[in-house]
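Working notes for the structure below.
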Amino acid sequence: MGAGYPQCLAMVRGFAKAVAANRDYLTDLDAKIGDADHGINMDRGMTAVLPKVAALTDEDISGLFRTVAMTLISTVGGASGPLYGTVFLQLSTSLKGEVDVGPSEWAAAVTAAVEAVQSRGKAQPGDKTMVDALLPAAAALRQHSEQGSSLAEALAAATKAAHDGMEATIPLVARKGRASYLGERSAGHQDPGATSSWLLMQAAEEALAKGN
Amino acid sequence: MKKLINRAEDVVREELEGFAAAHSDRVKVSLDPYYVMRADAPVHGKVAVVSGGGSGHEPMHGGFVGMGMLDAACPGEVFTSPTPDQILAATKAVSGGAGVLHIVKNYTGDILNFEMAADLAKEDGIQVEAVVTNDDVAVQDSLYTAGRRGVGITVLAEKICGAAAEAGRPLAEVAELCRKVNSNGRSMGMALTSCTVPAAGKPTFELAEDEMEIGIGIHGEPGRERRKLATADEIVELLATTVVDDLPYRSGDKVLAFVNGMGGTPLIELYVAYRALDRFLKGRGITIERNLVGPYITSLEMAGMSITLLKLDDEMVRLWDAPVNTPGLRWGV
Amino acid sequence: MKKLINRAEDVVREELEGFAAAHSDRVKVSLDPYYVMRADAPVHGKVAVVSGGGSGHEPMHGGFVGMGMLDAACPGEVFTSPTPDQILAATKAVSGGAGVLHIVKNYTGDILNFEMAADLAKEDGIQVEAVVTNDDVAVQDSLYTAGRRGVGITVLAEKICGAAAEAGRPLAEVAELCRKVNSNGRSMGMALTSCTVPAAGKPTFELAEDEMEIGIGIHGEPGRERRKLATADEIVELLATTVVDDLPYRSGDKVLAFVNGMGGTPLIELYVAYRALDRFLKGRGITIERNLVGPYITSLEMAGMSITLLKLDDEMVRLWDAPVNTPGLRWGV
Amino acid sequence: MGAGYPQCLAMVRGFAKAVAANRDYLTDLDAKIGDADHGINMDRGMTAVLPKVAALTDEDISGLFRTVAMTLISTVGGASGPLYGTVFLQLSTSLKGEVDVGPSEWAAAVTAAVEAVQSRGKAQPGDKTMVDALLPAAAALRQHSEQGSSLAEALAAATKAAHDGMEATIPLVARKGRASYLGERSAGHQDPGATSSWLLMQAAEEALAKGN
């Protein structure tokens, strides 16, 4: 048994909570190599998401993620608004009609989401962006789904992979986004977007695993 | 944090309300979603020029809305690009049937949000062309990065393209002109102090009493390097050399020289800097045909300045001189 | 001290050189002694309007020289009134035979130096009238003190009297109008941070992170009282109440509302303040007929603002709207 | 025997030196209740005076003081420019044709100078201005000249009186000049102009007394 609508809703709420709790942390990371707003941006967006998803009546996973996407796109701005909007829009598309999200559906959806982010933002792995957390997470999900792991195992591996990917951004020189303007000076700092992407994977783990 | 504000989360809305109250003769302001437009928009048969970006750079862009410059501007949150729905709503509101030019500064967020909006506007049957400004030579331009940032040239492009649109030129020409202005413009900035994003509540970076940041962005992004404080003449020489050598500007060229204040630097210092720039360019055989001195593309209360040069031809001079009536720039009317 | 300057003792001269280089189309600058005058001065048969004061308040006064406003401005050293020989030279240079109006802010130094200059000009056969502005309600007015300071109203008086002079009105009328503007104007300012006089090298006063100075002067003179930091709405209410109650301005009055930045405060904050002022005045039944928002009478890089109200009549509105072409204020031409 | 041209010239130079040495002190006093420029103003003026008086060829005391006056008027600005200009202009007028300045001449000249300052600036004693140092100095000079004291004695008394007058400005509430804008808040601070006037009296004592 995979995750249903309540678990997906809990994941969205959990991500909002994690972003709020880490608002200053994400902003401080962005101050180092960006413009000191990533936590503020994400928190504004996820705070706007909460009443929107609370108002949803039909328990449709795809519709839920579409609402998150549209709300992020119209409230976040910056680079992360369209990019996280793209993540959730792709989750919505991939999970159309889905009521029970198992390891393989989630692996496929996250894989498609990170591909959509790459096609929009043109970031390659190693460019020091959210892609560096999302790509390894998607790979871990695919691997565990192929191995036949449980959803809980797959989600835990994805969080760990996102975390490692996030930490691996520290030595990188940014080649996309605002941090790329810094050139060599961007090395030595953790990417804020990769950090929020890790929080997203963690929220997925905590909420979706409960569906098992 | 010492600011004349109420709650940090209300700054942009309250600024827009104040702006609307002060300039209702020339602009209309939408608060949901946020955008500023010419009071007489849409102007039928005219190309509409739309820009936007994070707030905190005032008077850019909202202050440049009006006859002869922008038809609309979309302010995002402080230092955060606007969202597609704002840009779409503004684009629709000012579209006069002759197409819309989006002038977009080269930041990932601005590009992505304007792209989404342009896609949606096209679905609605509005012809949109986007031109990206990227004049900041502090940043290495490379295929493998987000490229150079868009800074001071944006102000000049908005004026010149606004005049061309006002003169009835078609979208393709106005867009081409915008690309020409951008490719003939180069900028570089520096900061003496940091700015503080209201919602962050503390300075984006710390500079010691004897330090300055060279190549600063307009969002308090760290610059090219941190240096010991120098004199105005030395700073101008450093910035101007980098700018002039980049295009390069050559002896005999005619330029518009734009000395911009970052928000916390008073006019007296900008004129000291302009003096140095005037001498520097004379030394290189470059003639200042037109100039602009003041805080036009700012970074909240940051102290510092930037230099923008635009190589002029006769058409650009004529369009620069054409009447403009906006809260931030006005002449000829 | 972090400033875009070279040597402290050269700031005023270098600023003037930069100003001259930037605006040679509209002004001529004398460096010995220092003064700025209209490029087309003397205008024969026209009353000449001359002002001046310490430097550090840019664009005031030099930035207001040009058609429709000042004929000449005399900049002193930073925050130090100009000397009689400067004022005399400027007065002679722009005298067009119809007399000269001296607009003098009420500071002992300004008064004494302008008085000496007027005496000398009269010896040279030039008719001079002096009008002293004293609109600052932060300061108790009393027979036994130097009275109130001249601040924001000076900018408005220079515009309105400049327009009257341009229209060919005789000296006595222009001077009378200046007194009328002054007596219908009131101002009050506040500071979030101190300014630093370049030659002094350190801030004139210290304010804690949570303090502000209410009733600050434009030279960093301590104000009426030091208070805990408050919101923009509270600050505007405090300043506006004092200003409105002083004249008093009454329900039904039409005013020009001038929200002035002190030099280090960005436009975004001034519009937040303007919003509050607009609401406050609506609540009192007072109509804003015209407004001015921006840094026009500054105090170096001080962060802070001032509010000036001018009770308008139709004549003042007409003269305010009349064309003006100066580096600091321009419209209608 | 009184003071001659060399002593008067030495007094001017001594005042310039004292002002330069006390530039920051005078400016700091002015920062407290004014606009932080009194030392800068006076130093700019007296620095301009030095080459002007060095260039004088005919040894005329009145001409010397007139040169000081005109230079101060055209270089100092502010309140102190016209006021110190007035002091030296009046010294010049009073000492017209004088070659040997004794106690009575100096007492009369200083008295006329402070009267001229009062007529220009309208300050009364107790208004917390330079008048509060100059008036007692003039009174001391007159008293000693009437008593038949030596010039040295008279000058020493004048310095002492100026110093007491200067210190007596501390508790006063300013009623003239920029400090008056402060109202009650001006109390507790020493007036910068009274302080520079004390320096002037001290320079006179040190230089003119040598003429005896």
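The chains carry the letters A, B, C and D, assigned in the order they are written, with residues numbered from 1 in each.
We adopt the following convention: a residue touches a chain if its C-beta (ideal position, glycine included) is under 8 Å from a C-beta of that chain, and two chains touch if they have at least 3 such contacts.
As the structure is a computational prediction, the values presented were derived from the model and not from experiment.
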Using the touch definition up top, find the fewest steps from subunit B to subunit D.
-> 2
Using the average of all C-alpha atoms in each chain as its centre, how far is it in Å between subunit A and subunit D?
-> 76
Could you please state the distance in Å, as a whole number, between where the Cα atoms of subunit A are centred and where those of subunit C are centred?
-> 55
Per the C-alpha centroid definition, the whole-Å distance linking subunit A and subunit B comes out as 32
Subunit B and subunit C have mean C-alpha positions lying a whole-number Å distance apart equal to 29
Spell out, as numbers or ranges, the residues of subunit B touching 2 or more other chains.
-> none
Multi-chain contacts in subunit A, i.e. residues touching at least two other chains, fall at none
Category of the chain touch graph - line, ring, star, complete, other = line
Chain pairs that touch, all of them, please.
-> A-B, B-C, C-D
Under the touch definition given earlier, write down the residues of subunit B that touch subunit A in their complex.
-> 33, 54, 76-85, 107-109, 112-113, 115-116, 136, 138-140, 144-146, 149, 197, 199-200, 204-205, 217, 219-222, 224
Show which residues of subunit C lie in contact with subunit B when the two form their complex.
-> 2-7, 11, 14-19, 21-22, 55-56, 58-59, 63, 192-193, 209, 212, 229, 231-233, 235, 263-276, 278, 288, 291, 293, 295, 298, 300-301, 303-305, 330-333
Hey, which residues of subunit D end up touching subunit C in the complex?
-> 27, 31-37, 40-41, 44, 73-83, 120-121, 174-178, 180-183, 185
